[in-house]
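Okay, handing you the structure first.
Note that the chains are named A, B, C, D and E in the order they appear, and that numbering of residues resets to 1 at the start of each chain.
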Amino acid sequence: MGRYTMRAYTLTDKFKSIFARRGRSIVLAYDHGIEHGPTDFLDNPDSAEPEYILKIARDAGFDGVVFQRGVAEKYYDGSVPLILKLNGKTSLYNGAPVSAPNCTVEEAVSLGASAVGFTIYAGSDYEWKQVEYLAQIKRDAVKFDMPLVVWSYPRGGKVDAKYNGNEHHPEVVAYAARIALELGADAMKIKYTGDPKTFAWAVRVAGKVPVLMSGGPKTKTDEEFLRQVEEVISVGALGVAVGRNVWQRKNAVEFGKLLGQMVYEGKKVAEILEPAVNSSP
Amino acid sequence: MGRYTMRAYTLTDKFKSIFARRGRSIVLAYDHGIEHGPTDFLDNPDSAEPEYILKIARDAGFDGVVFQRGVAEKYYDGSVPLILKLNGKTSLYNGAPVSAPNCTVEEAVSLGASAVGFTIYAGSDYEWKQVEYLAQIKRDAVKFDMPLVVWSYPRGGKVDAKYNGNEHHPEVVAYAARIALELGADAMKIKYTGDPKTFAWAVRVAGKVPVLMSGGPKTKTDEEFLRQVEEVISVGALGVAVGRNVWQRKNAVEFGKLLGQMVYEGKKVAEILEPAVNSSP
Amino acid sequence: MGRYTMRAYTLTDKFKSIFARRGRSIVLAYDHGIEHGPTDFLDNPDSAEPEYILKIARDAGFDGVVFQRGVAEKYYDGSVPLILKLNGKTSLYNGAPVSAPNCTVEEAVSLGASAVGFTIYAGSDYEWKQVEYLAQIKRDAVKFDMPLVVWSYPRGGKVDAKYNGNEHHPEVVAYAARIALELGADAMKIKYTGDPKTFAWAVRVAGKVPVLMSGGPKTKTDEEFLRQVEEVISVGALGVAVGRNVWQRKNAVEFGKLLGQMVYEGKKVAEILEPAVNSSP
Amino acid sequence: MGRYTMRAYTLTDKFKSIFARRGRSIVLAYDHGIEHGPTDFLDNPDSAEPEYILKIARDAGFDGVVFQRGVAEKYYDGSVPLILKLNGKTSLYNGAPVSAPNCTVEEAVSLGASAVGFTIYAGSDYEWKQVEYLAQIKRDAVKFDMPLVVWSYPRGGKVDAKYNGNEHHPEVVAYAARIALELGADAMKIKYTGDPKTFAWAVRVAGKVPVLMSGGPKTKTDEEFLRQVEEVISVGALGVAVGRNVWQRKNAVEFGKLLGQMVYEGKKVAEILEPAVNSSP
Amino acid sequence: MGRYTMRAYTLTDKFKSIFARRGRSIVLAYDHGIEHGPTDFLDNPDSAEPEYILKIARDAGFDGVVFQRGVAEKYYDGSVPLILKLNGKTSLYNGAPVSAPNCTVEEAVSLGASAVGFTIYAGSDYEWKQVEYLAQIKRDAVKFDMPLVVWSYPRGGKVDAKYNGNEHHPEVVAYAARIALELGADAMKIKYTGDPKTFAWAVRVAGKVPVLMSGGPKTKTDEEFLRQVEEVISVGALGVAVGRNVWQRKNAVEFGKLLGQMVYEGKKVAEILEPAVNSSP
C-alpha cells in the first residue's frame, strides 16, 4: 500500500525449515570444538563425535543442529536441518574479540544448510571489521535466500569499561538484541540476563526478530536450566539454542525432549519434573 | 557554456522526494538502536517499535524516516520516504571513531530507500578508512542516482587535542559542514553550534549543499528545542533531522507538527507556543 | 629506435590543456576546505564560495583550478580547466600522515577534469598504503589518458627524526621531487626550499617532470611571494600552484595577472612592481 | 537418505594419491628452507638440494613430498606426489605468528600438486587473518578438488599465557586437531604430545580427518623417533609428515624404509631394530 | 617422465634477454632515486639524469638497467633491456620495513620491460604483507611470462634481535638466498657476506636460481669492488647488480667494461688492473 517502492519480506518464508513447529525452535549448538576446544567434550567423551550429536538431535526432535563448515562437510547427513555457523574463533586467541568467516553463504548452501549463523562482538576494537564481515554475509544471505541467525555477544570495549565485562548485564543483553535487529538478523541468539523481567525488555527491543536464548555452560541441576527456559519463553523468546546443557548430560535425548515439551507445548517446569504430583488431584 | 566537458548536476533532481515541500525538510532520525542502544527508548517504551515511529512520521507529516538496514527490511512499509543509514557503530565501542557500512547503496535501493545516509568522523585515527568507505558509497550513489546525506561529526584527533572534544565548537561545526561539501554530500546533518551567528558561517561554507541541524538529546523544554530550530532556519538551514526530541516526547505527533510550521511555513517560536498572545492586539 | 618494445609517451600530449601556453602553468589551488578547514576563508569570506574562485581563475587567466570531487560536482562549470584532487585529509587528523582517495580517475573524467591530483606523504608510517593508492590511480590515469599531478610532501618518519619536521629543507624537497618522478607523476607540486640554488637541484632531479612550486601561506607582502615565483622560474620551475596567496588577497585577480606576467612572459619582480622606475633611463 | 540437500563428500576420493597404500601415509616435509632457513641443511649439506630430497622420497617409497612453490617450479619432476605448501614464514619474523599464502590452489594445480598444505597458528593475534586466508584456500580446494592438509600449530596468545608456550601440551595438541577438523582440513599435521594416551584423545577429536604426526627436530637416536612413530600409529594416527628426522640423517633412505615398515605394515620398533633377536625362537 | 602432471619450466627461456651472454649478467641498478633519494647523485650530478645512465649501460655493454615505473615511462628508449622494479620505499620511512608495489607486471610489459624486480624484507613485522604482494606479482609474472628478480634483503625482526641488524651476516645472506628460491624468484639479488666461502653456501642454497651480488655503496678503490666481484663469481654467482659503484664513478663506462671482462670472460682482478705486470715473465 506504500507510496514508495520496497522489497517484500516475509519472515515466515525465511524460517520454514527451522521454525516449522508453531513458530518455536530448539537448536542444538555444536561449534564448541572451535570456540572452546575439546575440553568441552571431556564430561561426555561421546560428544566429541558429530554422529553422536546428530543422533541426539534426531532422537530428541531438535529443529536444527549448528556445525562449522568442516564438521558439516565430513559428517552432515541431512537427517536434521543444518544451521551452518560461518565464523568462529578459538579460546586461545587473546586479542580484541573478532571472528572471521571461514565459509561463505554460497558454500553453506552447497553443504546443505537451511540457515547460516554469524557471531558479532559489538564493543570490540574490531567492531568495524565484524560489521564489514556481516555486511557481506547479509548481502549473500539475501541473494541466496538463507535465514541469518546472529550470535550477538557484545564483548570488550565498554562492556569491560562500563559493565565489568558482564555479558549478562540487562543493558548489554538488550543492546545485543537491538544490534541484531538493526544489522539484519533473521533470528538471534543472545545470553540470558538472569531474570525474566529484564529479558522481556531485550525481547521487546528485538522487535520482529525471533529470539533464541543461548544455553551457556551446563547448569548444576536439570531444573536450573529448565527454569531459565521457562522464564525466557514466558516473556516471548521463541526458543533456545543449546549445546553443553544437552550433550554434556548423560540423559541428553530425554533432556532434549523435555525442552521440546516446554518450548513447543508451553509446559512448565513443575509439570515436567513432577508430573505425578502435578496430575494428582 | 563551458569550454570543457562535464556532467550535468541538478540538486533539485536528487531531492525530489525528501526535499519536496518548498525545498525544506524535516527528517525523523531513528538509528539510535544501534548508535546508543535501547536505553534511548526507556523514556517512551513505545519508541522501541519501528511501527510507532512510522506512525509518528506519517501523522506529523515528516519528509522522511531514517532506518538502519535491518529495521527497514523488517518494518518499512513505504508510507513515508526512507533514508537508509548505511553505517552505524555501537556506543559500546571504545576505539578510534569509525563506523563501517553494513549495507550497500544497491541494497538500499532494493529496500525502497529514497536517499542514503552515512556518518563520517573526521579527525579520527581512522579518518582514512572512513574516506575509503565514503568514496565507494558516493560512487554507488551516483550510479544509482541516490541522494547522499552525510552525518558529518568530527571526533577524536585534534577535536580532542585542540577543542577539548567539543563537537559543537563553531570551528568544528563549520569544518564539518565543509568536509561534507568537499566529499560529495547531497545534504548534510551537522550539530548546532549553540548560536545562530556561528551557525550561519557553517551554512555558508556548506555552499549549495542543504544543511539539516542534528537534533541531539531531548531538551528540557519544548521551547528550548524549538528555539534552536528557529535559529538555524533563520540563518539558512533547510531543516532538521531529529529523533529523540520527537519520539522521546509523549506529544510526538503534535511536536512534529510544530516543527513543520516552523520549517515549512517559517513561523517563529513565539507564534507557535503562544498564538493567543501573539494574535492579540 | 630501441631494440626492445615499449609504449610511446609524449609529455606534450598529456598536458595540452593545463600546460597549453608556452609550456608554463599557473594553477589556482582550492582544496583548502578539506585540508585546512574554513578558517582559511576568514580573511576574505567570499573565498568560501567556489563561484568566486572560478571567477578569479577566469578573469586572471589561470590555466586550471583545483577542486575536490564534491566542489566539482556542485560548482564546476567548465569555464576553466579542472584539476580534480583525488584525495585529501583534514587538519583535525592527528595520526600518521595519510590521505585516502575519495574519487577515482574515471569519476574525475565524468566530472569534466583535464587532470587529476594526488598527495603523497613519503616518510609517513603509512607510506606503503599511499603507494598502494597511488599505484591504482596511476594505472587508471594511464588507462583514461589523464595527466597525474603529484603533491609530493614528505612528512613524518625521518622528516621529523632527521630534519626536525622541516618540510622545506633542501634535501627533503629534492627527495620529494625525485619521488614524484619515480612514481609516475606527469607534473608535481613541491614546496619551496627558500633559495633558488637548492631549488635548482630539486628541479634537476625531477627530470622531465614539470615542477610547480606550492604557494603556501599568504606572505606578508605581495613582493615577498612574487620574489619566490621569480626565483623558482629562474631555475626551471614551469609554474606555480597557488591558493591562499591569491584568493586570500583582496586584489586576487590583479595579483593573478602579475603571476601570469612572470610565469608566461618571464618578467621580473622589479619590472612588475616598479615599472616606471625600471623603464626610466 | 537425508531429508535436506547436501553435497556428497568422499574422503577416499580426496586422498587417492597420497593415502593410496592401505590408507596410511608417510610424507617427506621439505619447507624448512623458508621456515627455518638453510641452517637446517648444515648437518647434511646435500639436503640443500631438492633433487636429493626427491631421490630419497623415491628410493624410500614416500607417499609425497612437501615443497614451497619456488622449489616445486624449479625442481619438481613428477616422480613422487607433490603436496604444495601454500604458505610459509621465516624464522626471522618476530611479530604475532602469521604466514601469508604465497601461492593459490589454482597455481598448485598447474605446478602438478596432488594436495595443498597450509599452516594456521590459532591463538595468534592474527588468528582472524589466518582464518581469512584459509577460508579462501578451502574454497579453492573444493573448487579444484584438491585435498587440503592443515598444519595446525597453535602459537602465541593463550598458548603462551596459559601453557607457557608449550606447543606439545596435550590440551594444545587436542585443540589443534579439532581446529583442523572444524575449519575443513582433509588431513592434518599436528605435534606429538609425548605420550600415546594423550595423543589418542587428539586423534579422537580429529574425527574423520586423518592425523599425521609432525616429525620435529632430529632425535638423538633412530630408536627415539621410531618409538614416537610406533606410539602415534598405535593410537590411530594414519602416518607421519617428517623432514629433518629423515634428510638430516646420513641413512635417510634406509630410515625412510623403516618408517614404511612401521606405518604400512604395522611393525614395532623391536621387530625392526633387532630383527634377529625378535625372530629368534 | 614423471608419474604426476606438472608444468614445464625452462630457466633458459625466462632469461633469454637478460642472461643472454653465456648465462652471466651485469645489471645496472638505478632505483636509488626512490630508495635513497637524490643525495646518491651528488658525487656525480650527471647521474641524476636517466639518459646518462642509459648511455653508460649501452656503452659499457650492461645486460639490463633497473628503473622504477616513472623513470621508465619518461626515459626508457629500448636501447638496453629493462628490469622494471615494481616496488620501492623511501629512506624517509621509519616504520617496519615494507615496500608496496607501485606498478603491476602487466604495466611493466607495456613499459617495455624484459624482467620485473621486487624487494622483500623478510623478518620485518610486515613480512606477511610483503608475501601477499609478492604472491600476486609472481602469479602475474607467470601469466605474462616475465622473469622475476627478487631483491632479498632480510631486515628488522630477528635480523636486529639476533644479528644486530647485520644484513651481511653469512646466515642472513644464506637465508635471503633460500627465501628467494622458495618464493619463486627467477633470479635474485643478495648482499655480499664479505668472504667467498660463506657466499658459496648462499649460492648453493639458492639452488637453480641465478645469484647476482648486490653492489652496495661505492668502495674506496676500484680494486676493492672488483675483488668482491672476483670472489662471488669464483663461487658461482652469475653476475652483479650494481649501481653506485658504477655511476658514482667518473670512469663509469670503463669500470663497467672491466666488470664485463670479469663476469663474462672470467678474468681476475690481477689480470685487469695490472695487465703489464701480470703478463710479464
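What to note about this one:
We adopt the following convention: contacts are C-beta pairs under 8 Å (C-beta built on N, C-alpha and C of every residue); 3 or more make two chains touch, one makes a residue touch a chain.
Since the model is a prediction, treat every value here as computed from it, not as a measurement.
Chain B and chain E have centres, each the mean of its CA atoms, that are 57 Å apart. Here the spacing of chain C and chain E, counted between their Cα centres, is 36 Å.
Multi-chain contact residues of chain B, defined as those touching 2 or more other chains: 129.
If touching chains are joined by edges, the resulting network of the protein chains shown is one closed cycle, each chain touching exactly two neighbours. One full turn of the ring, starting with chain B and passing chain C second, gives B, C, E, D, A. Against chain E, the residues of chain C that register as touching in their complex are 1-7, 9, 11, 122-125, 127-129, 131-132, 134-135, 138-139, 142, 154, 156-159, 161-162, 171-172, 174-175, 177-185, 201, 204-205, 207-209.
Considering their complex, residues 17, 31, 33-34, 37-39, 41, 45, 48-50, 68-82, 87-95, 98-104, 107, 110-112, 114, 126, 129 of chain D touch chain E.
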